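Listed below are the structures to be examined.
What follows is a pair of complexes built around subunit A, which joins subunit B in one and subunit C in the other.
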Partner chain A sequence: MNTNTLVECKNLTKAFGGKRALDEVNLQVGRGKVVGLLGPNGSGKTTLIKILNGLIMPSYGEVFVDGSRPGPYTKSVISYLPDKTYFADWMKVKDIFDLFEDFYKDFNREKAEDMCAALGINPKDRIKSMSKGTKEKVQLILVMSREAQLYLLDEPIAGVDPAARDYILSTIINNYNEEGTVLISTHLISDIERVLDEVIFLRNGQIIRHESVDGIKEKEGKSIDDVFKDTFKLVPYMGYGYENEAKKGECSSDR
Partner chain B sequence: MTGKLIKFEFKSIIKQIGAIWAAVPVVAVFCCIIDYVFNNTDFARNNMHSIGSILQTISGILYVTVFVVLIAVTILIILQRFYKGLLKDEGYLMHTLPVKPWQLITSKGVVAFVVTVVSGIVAFLSIMILVGIGTLPEIFSALADAIRALNQVPEYYLYVFEVILLIVLSIFKSIYQLYASMSIGQLSNTHKVLFSVLSYMGISFVLTTLLVIIMTVLDSAVGYGIAEMFSNMEVFWGGQLIIIAAIVVTAVQLIAFHVISERLLSRKLNLE
Partner chain C sequence: MEWNLDDSRSIWPQLREQIMRAIVAGEYKPGDAFPTVRDLAQDAGVNRNTMQRAMAELEGDGLLITNRTSGRKVTDDQKLILKIKEELAQKNIENFIDEMQSLGYTAEEAVKMAERVTEKKGVNDK
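== the complex of A and B ==
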């Protein structure tokens, strides 16, 4: 199946109730890239990642990963980091390694154990007794110990301190399969833009921009963080009086 | 892959349920020993009567407690492994494994079936221990009599097979009814547990109503009534008709519950 396009979405739409979380998304992502899926909260990032994973079905439209619709094959080539910890209470680190070894041919157990050792995590430790941060690190180890085609990382740096952000980003960049693509969803652009090759801007479920980072910087002469802030700028509420004053000002200037 | 999922499922439950499986017969043996010591030894009977009564009461309460815990843990594990394993956060792990939803459901179903059967055997064994090991020869001789009787009318072996099949299907059906109810309940964004309970009650109500309607229609279709029809049949064939009908009805429900669960987890999975 090794075509140049790894991810393809055609008119992809997902509605929850009456609201469209994704609205006619058309997208092609190639191989060997680190792509930022950027947008404010509620823009549809997690929905897109869940559809690519096969966790939810689109309302209509089509999605292909490595030429196949979401199913056991695509799941075997996707390495997914959700924004939740998914461990059961009974699990030890080695139990989850056993599970990954059983189900994912591309899981490198030796690498996972080395990464654990580097972080001082004992594979015989019960995950339930670990801190939230350590659990997240174990999940990151699992994800980055696979030689996957597509890494889907949903908010990997949200809610962690700056030192942990650096650790997570360097782990991702130093460990992904370079023939594969990493899709990172986040709204913390400044931390992540140094590692990105491409960015996708999502707003209200629609892709409003999909370009290379170099292209954007060359065209606009600004950092991706600044471009993001300009694109998604919100007008702050300044109080009732301010609003009226502003209106008055508008009226007088009209005259 | 289904086999690997079953292995994983067993691993997830064995520590929880293994302890209680071991505890129930141990407590039953303890009860027997206490009972034997204070009822069959002269010294204890004559000199330690009150202590004996207290110990017998305590051991009795202990047995009832572990027995109730066995039933509760069995039901809880069946519910919890599906609900927490597939519909809560652990679902992010399980639903992204390279397997199909039917394989996930089947692995849960098979393990839940084994847990139910083993818990049943453990409960039966513990009752046997309490009744007294001395009754075992009587049970074996009753079994031998039954087998001898069956050998004289070999076609009744068909009944044995059918009853076992019906029990197996009924256990699976009951488990899958829980799964279908939880799969429907998870569609709610706010009250998943409440909706699961309501779904279970709704399904039970619909099934009972359907059964009554079918029986009424059949009764009038036969003309002179189903009871009359059976009284005109040979006992063997009358029994066969009933048991085959029960097998078919149970199998249809089992398939329906599996399809409902599979379709909902494939198309309408609603992880938080």
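== the complex of A and C ==
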């Protein structure tokens, strides 16, 4: 079972009504890597993550995680950070630790307690009493306290301040299981590109690029952030009479 | 250690270069124990694979030695360290001359100017 491929998608497609959120995606991701899943809003990042997780079913196509289709086994090896917090308000941090201990064999409670202590979070604190940022940190601590094969992190740094971003990133890269792979979806690329081994660019549900970060930098001599901006450049509506941004640039440089 | 990384280039060669500089500058002494990949990756804010790659290259360069029992250490081959130090110095001088030539000075003029400036600065320097 322990082949080099951890995640495999074959012709993976998911349609919501007539719209294809994922369109014939073929993907292989290896082990021991930090991979960025990058794309603008609505490109299919969350849909892909939810399918890998077994939260939604593909319309057609196949997906394998560690050799198995999504199910109880894959859930036991995937540690998932959703894009919103899901804890009940009345719970204490301690209660959530109990829950994770019941659900996941690979949950390292001691590690989670140490990480909370380092942030000054008391296990008896109630979720209700926490700021949004603290809730997100607690959730990340839980996710990174598992010795998982695959960490699926959906927008872990969106909506937190820059100092908290640094905390979250260093928590991720210093705590994942070394044989496991971390898949991080985000559109805040400049903040995370330094920790990535590989990137996947998604556009309109299709993978338009899947390459090593070093490969891209050698080829293009640019940061991933710049490559992303070039790839997904949008032409703003300039008002009646303007054709587009690029044309406008040409005219002014002629003068 | 101070890290200065440029995102438009691959990260591991920059790590390698900066660790190399730290060793030749004596920040890590010959024969000293060297930090683990994990610690240095954390310090630089990069992932472990990237730091691992940089360290493997430095082992290839002979600057770091991995010993199965005692972990990783800085080489005690002082000649090698000196040789790499001189190579880095040479590169710096070449860069300086190139830069001055691009401003329109000849190599000779550049060296003379450098002498004049160091004379003035020498008083405060040491």
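Here, the second predicted complex is superposed on the first by the 242 of 255 C-alpha atoms of A that agree within 3 Å, B and C clash if a C-alpha of one lies under 4 Å from a C-alpha of the other, contacts with A are read in each partner's own complex, and residues count from 1 in each chain.
Note that a residue touches a chain if its C-beta (ideal position, glycine included) is under 8 Å from a C-beta of that chain, and two chains touch if they have at least 3 such contacts.
Note that the structure is predicted; figures quoted are calculated from it, not measured.
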Which of subunit B and subunit C A:88 touches, first, second, both or neither: first
Touched partner set for A:107, first subunit B, second subunit C, both or neither: neither
Contacts of A:197 with subunit B and subunit C, given as first, second, both or neither: second
Partner chain(s) touched by A:54 [first = subunit B, second = subunit C, both, neither]: first
Which superposed partner A:228 touches (first subunit B, second subunit C, both, neither): neither
Partner chain(s) touched by A:64 [first = subunit B, second = subunit C, both, neither]: neither
Subunit A positions touched by subunit B in one structure and by subunit C in the second: none
Interface residues, subunit A side, partner subunit C - complex: 32-34, 166, 169-170, 173-174, 178, 190, 193-197, 213-214, 217-218, 221-226
Of subunit B, residues touching subunit A in the complex: 1, 4, 7-8, 11-12, 15-16, 84-85, 89-93, 95-100, 266-269, 271
In the complex with subunit B, residue positions of subunit A that touch it: 50, 53-57, 71-73, 75-76, 78, 80, 82, 84-88, 90-91, 95, 99, 102-104
Residues on subunit C engaged by subunit A in the complex (per definition of touch): 5, 7-12, 38, 41-42, 45-50
